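In structure tokens below, several structures.
Next come two complexes, and both contain subunit A; in the first it sits with subunit B, in the second with subunit C.
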Partner chain A sequence: MSGYRIILLLSLLLSACTGRQAVPDAMPTCLEELAGHTVAVAGGSSTDLLLSQYEGIDLMRINIGDMPVAVKSGRAEFAMMQEIQYDANQLDAQGFRKCFNGILKGLSAVAFRKDDVGICDEFNSFLREMRASGEYDRWYGNWIHQLDSMVVETEKLPAPTEGRKITVGITLVFPYIFIRNDSLSGMEIDLFNRFCRSKGYCPEYSIVQFPALIPSLNANKIDVILSHIMVTPERARQVLFSDEYMEGSQCCFGLNPEWEKSARAGIWTRTRESTRQNLVEEDRWKLLSGGLAVTLELSLLSLLLAIVLGVLLCYLRMRPKAAASGVTRIFVDVVRGIPVLVILMIMFYVIFAKVHLSGVTVAVFSFGLFYGACFSEVFRTGMLSVDRGQWEAGAAMGLSKMQVFRLIAFPQALKRIVPVFKGDVVSLIKNTSIVGYVAVLDLTSAGDIIRTRTLDAFFPLILVSIIYIILSRLSGGLLDTLDRKLNATK
Partner chain B sequence: MTAAVAIYGQLLSIRESIVSNLLTEDRWKMMVEGLGVTLEISLLSLLLATLIGALVCSLRMSRSKVVSHTARIYIELMRSLPLLLLLLVMFYLVFASSGLGKVHIAVLCFSLYFGAYISEIFRSGIEGVDQGQWEAGAALGMGKGLVLRKIVLPQMLLRILPVYKNQMTALIKATSIVGYVSVMDLTKASDVIRSRTFDAFFPLLLTAIVYLLLSWLFGLAVNALEKRLTPKSSTR
Partner chain C sequence: MISVKHLSKVYRNGDKELTVLRDVNCEIGKGEVIGIIGPSGTGKSTFLRCLNRLEEPSGGRIEIDGVDILDRKADVNLLRRKMGMVFQNFNLFHHLTILDNITLCPRTLLGKSREEAEARAMELLQLVGLYDKAESLPAELSGGQKQRAAIARCLAMDPEIILFDEPTSALDPTMVSEVLVVIRRLAREGMTMAIVSHEMQFVRSVSTRIFFMNEGVIYEEGTPEQIFEHPQRPATVAFINRIRTLEFKLADKHFDLYGMFGQVGVFCNKYGLGNEMLTKVQHVMEEMLFEILPFCGPVTLTLDYSEKDFTLRLQFVQEGCAESVLEQIPNDNIPLKLVRGMCSSLRETEAGKILVEM
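What follows is the complex of A and B.
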């Protein structure tokens, strides 16, 4: 069966969906009028807390980048984001409109650990110097009014590479922090790089999901939070805020009832335009290829770890000693009874919370553990399927236990293991797609980032799907070849 | 004495965890509702996936080349796409502008995905029954449907139950990813609590235990079914 047919079917399936959208009759003008509507907010943000207190608002907690797509597709009727984040040039042209703004006026600051008073003072003195020299006004004004030229300027002044190391937890939020040309850019990145240059720090940026920022800070995983975080009393109890450097407020937006769609271009022009926007512009293809590399790395390392662990567990499980096999059995059953996603979160937020390990390493441990438990059962059934008589016959011929295993039992077991093993390997590769949950930039989350920047759901999702189809088929094909080779040597 | 104090301190901190993670702001309600959503999605998907599996299996085994080929393409497609990606495609593309609720889209997604796996399980079960059984049935003057119902299905069911159980447990666990499209299931509920209380340990542990119980209970139910299906005279 050829892959192109699958792709054909996929596109047929998708061409069936049309672009109908539910446009609200009237735009709300204040928070009270949101009652009875679905409103998208950033999970765990101050808006989330505020709107939770209103009766009758159906909250949808998603990433800020997903909001336009959610509103456009009618999943949410309205969405709330920072006023400055509402990129009017891009969003108004796509049929969105701000309904009202000025909600939750607040100040944002950088957050440190409670006991890191020294570095907090350094940051505050840097801010004071910046304000006194007028550099602050230039920074603020330029970023607000000439975003594009500032982005280019930031790229010319990269983060310092020498000095005291400092790990900075960030979330990708346009226009404060975003990825362009495969490197970090944005208003706050610019500010923090200036701080590091002036005080002799070497920043290492690490992407963290917004709700995980404060726990990560208090678990010593990161040293600073730089994510346009608003100063609130609840948060101030957990962290040490620097002086505020920016004022902001939330706005609410929805679909513009008066907006009329321009005539659709031909399919060819649209495809070309999509390709340009999603891949070529800002070198976005590099995000995808980087994500693919992470997915491959993650899959291969997890697979290796899982095989080693699987063999070990299988060995322990088949020991005649009741204690060893009993404990292993419970362990395997427990691990297999919990969703991989929950294992991943436990590993990330609990077990390795205090250790500074990269997200990829933690993910490898999680997948290795889960699939190791699965593999151990596959190996065990394979071994059990070899008739006992084979072992006895081997022993009767004077072979040692090890020799019987190597020469007689294992080759027979392998033939039975490979077909089941193949399914599990493919499932491992596919399952790595959930690591976006702990902010690892794999293929799926790379597609997600592109999707949320270009507001085009179709192209990135389909492209990523096609890459996964190719990956699964390649790995499946490889194991099929192995299977055939094994069966040929009968 | 010091040990007693330490244990007392531990108990106090556990109590505090329970209070802040479950009792404050009635957070336990969030967990219970999340569990309800997880159960709803799991049960509905379980039923629908079994139906889809049976349907696709019959299509896949159809004598018409076109039909069996189409079914095969469908199965291959589902087996090579990550579930999360399928969910995103369903949510943001296929059913983006339909009036379907989030939970229903999730149910459809899981059913389509696991239906493909189930159909292959059914097929291997039917093919695992010896050809001679069909022939013997035909020789006794039974129709094809009758042979399937009276002879092949009972044998096949016993054979596929363990694999079926595994796949369905996988389904229950896989529902944990729906938080990605902001469905408030058990995992997402614990995630929301975590982001409020800044305590990762307690909510995650609780979630893990609940999933364990779910998988275990489901396993027990299938085992009971297996026992009932096993013929009494059988010496297996």
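What follows is the complex of A and C.
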């Protein structure tokens, strides 16, 4: 999501390309034997907590979807994920091998807010009915053994569009929840849709980072956590768990030493295969184009808000009244001193916690605020660069202050503003890539979803990068044209 | 046309106060050309800028055609349309061509059409000799051309009076005359003007009346002839004759002669008086202070140098003298002879006041 993460992933895949593959001499058979090795775990997960208690294990906290790439590139020697995920992703066929399994056997449940007892009871009664009728066994068995037909079935029976509204926080992990043909699918989605149909709910699914699920629930951003979340005593203190509906355990896997790499296909064939897998298959390009639209919408709205706010702040800052100017200065300094990501989090989890606003709206407010503060300084520097004599000459001719501003000061300031402004606009567009943190599905998040599904890091990341470069060049080019037009009249 | 009464302007910065205009009173009639002269920092520009309220006066009244322009209800912008101003630094609008500089305000404020405004602008450019520069940007013009364009810009508003704030101070000496010619032409055509300038010859020849400003007031006013040929008050005389002054006050005989010599050296050097003159002055000072003056009270020594007739005078004032100092000294007194030999004249204007002309 954030820039640092993209860099981390790019370095991962660069090392994958250079082919540094550390095949361990012997596969470990239990947790103790992981000492002295680098092990990838999902950050904040129960595996993370468990392995932290063992000394000598070098933990690497990443997304579950990125684990195969990390192991393949040698960044991590081993990784821990749910057995069911390992099987569903058919990692055996891709050169990996389970070392041992059966770790952290546990039960998953749906989580509600502590005071939402009513809906929790409804869910529990639904589960009991399902188990009694045998529907539960069919559901579980079919998803494990006939995944593709279940996907088709889920598509045929989409989520109800009428009924009581309920916002569901999800994370995308195959095969529980994933996107296929531009729509949500997976065993948990199927289960929850069945629940909604039987109890008259209309679910609205919202993708949230795993560590942000419980805070989002308690901040009223979502009403339910549907994310194969394990029941632990710590979590049970913060949320209300339903009855368990699934059993799971973790396995540890690494590279299979006996795996023989198939002859490498030519670069053209590989590119074509990547394109098919990452874009064509399951209509994944729709994810990207949807993400791009969100990124564009976000950038444009934020830019407009930032300009309006920037002008306002600049005006207040330049008032001769010491109070207005001083307060504005402090405000601008404070806002500019906070990283935009932190502003976004504060807006989402603190300021607008109790108000039901979409992630996009909150993001627009956050970027508008941060860049408004930045722009106000850019505008102010521009205005200060206009010589006092120009104001005086205009005034002496009989022009009003507003007329001098419009006809003389502003056109002159604009020429100094545009080049600096350009850099800020490009930075704004690129910085919108952090909105994945507040469950907005933008271009970067779309790339992430594809990556965690296809387990191919290179193609989605490079493609997303290229799209960002094009966006930056286009917006920069537009402002350059404006700059040239302004300079033509010096 | 313009009547100014008890105008004052005080700048306040924290507890510090700086009085620039103390009490300015004057009348300016239609068709007059007022030359405003005076030493630097005496409020000439501030006075001019108060007239169109670029500076807000601290007190007093300014009436234009009987209307008090300092009144809250006065429409300053309407007032300014009738008063053009030409600045020291031209202040042409950098981002507009010369033509647009001239047409901007007539089109915005007088509602003229583009064609109408441009036709008039071309006439004015013709008048100031910049017909072929209409499409140039200010940055492409020389200083003199910029100032002429600025004058054309003023004229485009058909002002009733033009205020010139040191219009040639920022110019290369070679470009001064091209601007002055234009102003002179306006004067000939009967334009009412107020000109702050250090170009004495020009001010003298173009003005109908001169205001000599000093220490925040109009210290002396009159026709050019009165002010330049027969100035009445001491500061005016000093200014017109361009007299530079250095003064020492000595309480008793124990003064620092070499410190004084140092200051006199700097003074002579500054006005190009040469080493020979400096040596002579130092000798005269030494003989007068050690041998001739009795020091029966404090002594004041003043050096006056006129840049107009290049003469240097030393004046010694011995206080506490009832009778003439020189009469008590015999004529063959050697120090006195020495002094007489070094200067062109030495006389005692009144008891204890000795004037030495070098």
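What we mean here is this: the second predicted complex is superposed on the first by the 467 of 490 C-alpha atoms of A that agree within 3 Å, B and C clash if a C-alpha of one lies under 4 Å from a C-alpha of the other, contacts with A are read in each partner's own complex, and residues count from 1 in each chain.
The working rule: a contact is a pair of C-beta atoms (placed from the backbone, for glycine too) under 8 Å apart; a residue touches a chain by one contact, two chains touch by 3 or more.
Everything numeric in this text was worked out from a predicted model, so none of it was measured.
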item: Partner chain in contact with A:Leu407 - subunit B first, subunit C second, else both or neither; value: second
item: First (subunit B), second (subunit C), both or neither touched by A:Ser472; value: first
item: First (subunit B), second (subunit C), both or neither touched by A:Gly290; value: neither
item: Partner chain(s) touched by A:Leu341 [first = subunit B, second = subunit C, both, neither]; value: first
item: Broader residue contact with subunit A after superposition on the shared chain, subunit B or subunit C; value: B
item: Touching partner for A:Gln390 - first (subunit B), second (subunit C), both, neither; value: second
item: Partner chain(s) touched by A:Pro160 [first = subunit B, second = subunit C, both, neither]; value: neither
item: Subunit B versus subunit C as contact partner of A:Lys415, first or second or both or neither; value: second
item: Set of subunit A residues, in rising order, touched by both subunit B and subunit C; value: none
item: Residues of subunit A defined as touching subunit B within the complex; value: 1, 5-6, 9-10, 13-14, 16-22, 40, 43-44, 60-62, 69, 72-75, 211-212, 214-215, 218, 238, 334, 336-343, 345-346, 349-350, 353, 426, 430-434, 436-437, 444, 448, 451, 457-458, 461-462, 464-465, 468-469, 471-473, 476
item: For the subunit C and subunit A complex, residues of the former touching the latter; value: 52, 54, 77-81, 83-85, 87, 89, 91-97, 104-105, 108-109, 137, 139, 153-154, 157
item: Complex contacts: residues of subunit B adjacent to subunit A; value: 72-74, 76-77, 79-85, 88-89, 91-97, 102, 169, 173-177, 180-182, 187-188, 191-192, 194-196, 198, 200-201, 204-205, 207-208, 211-212, 215-216
item: Subunit A - residues contacting subunit C, complex; value: 387, 389-390, 392-400, 403, 407-408, 411-412, 415, 489-490
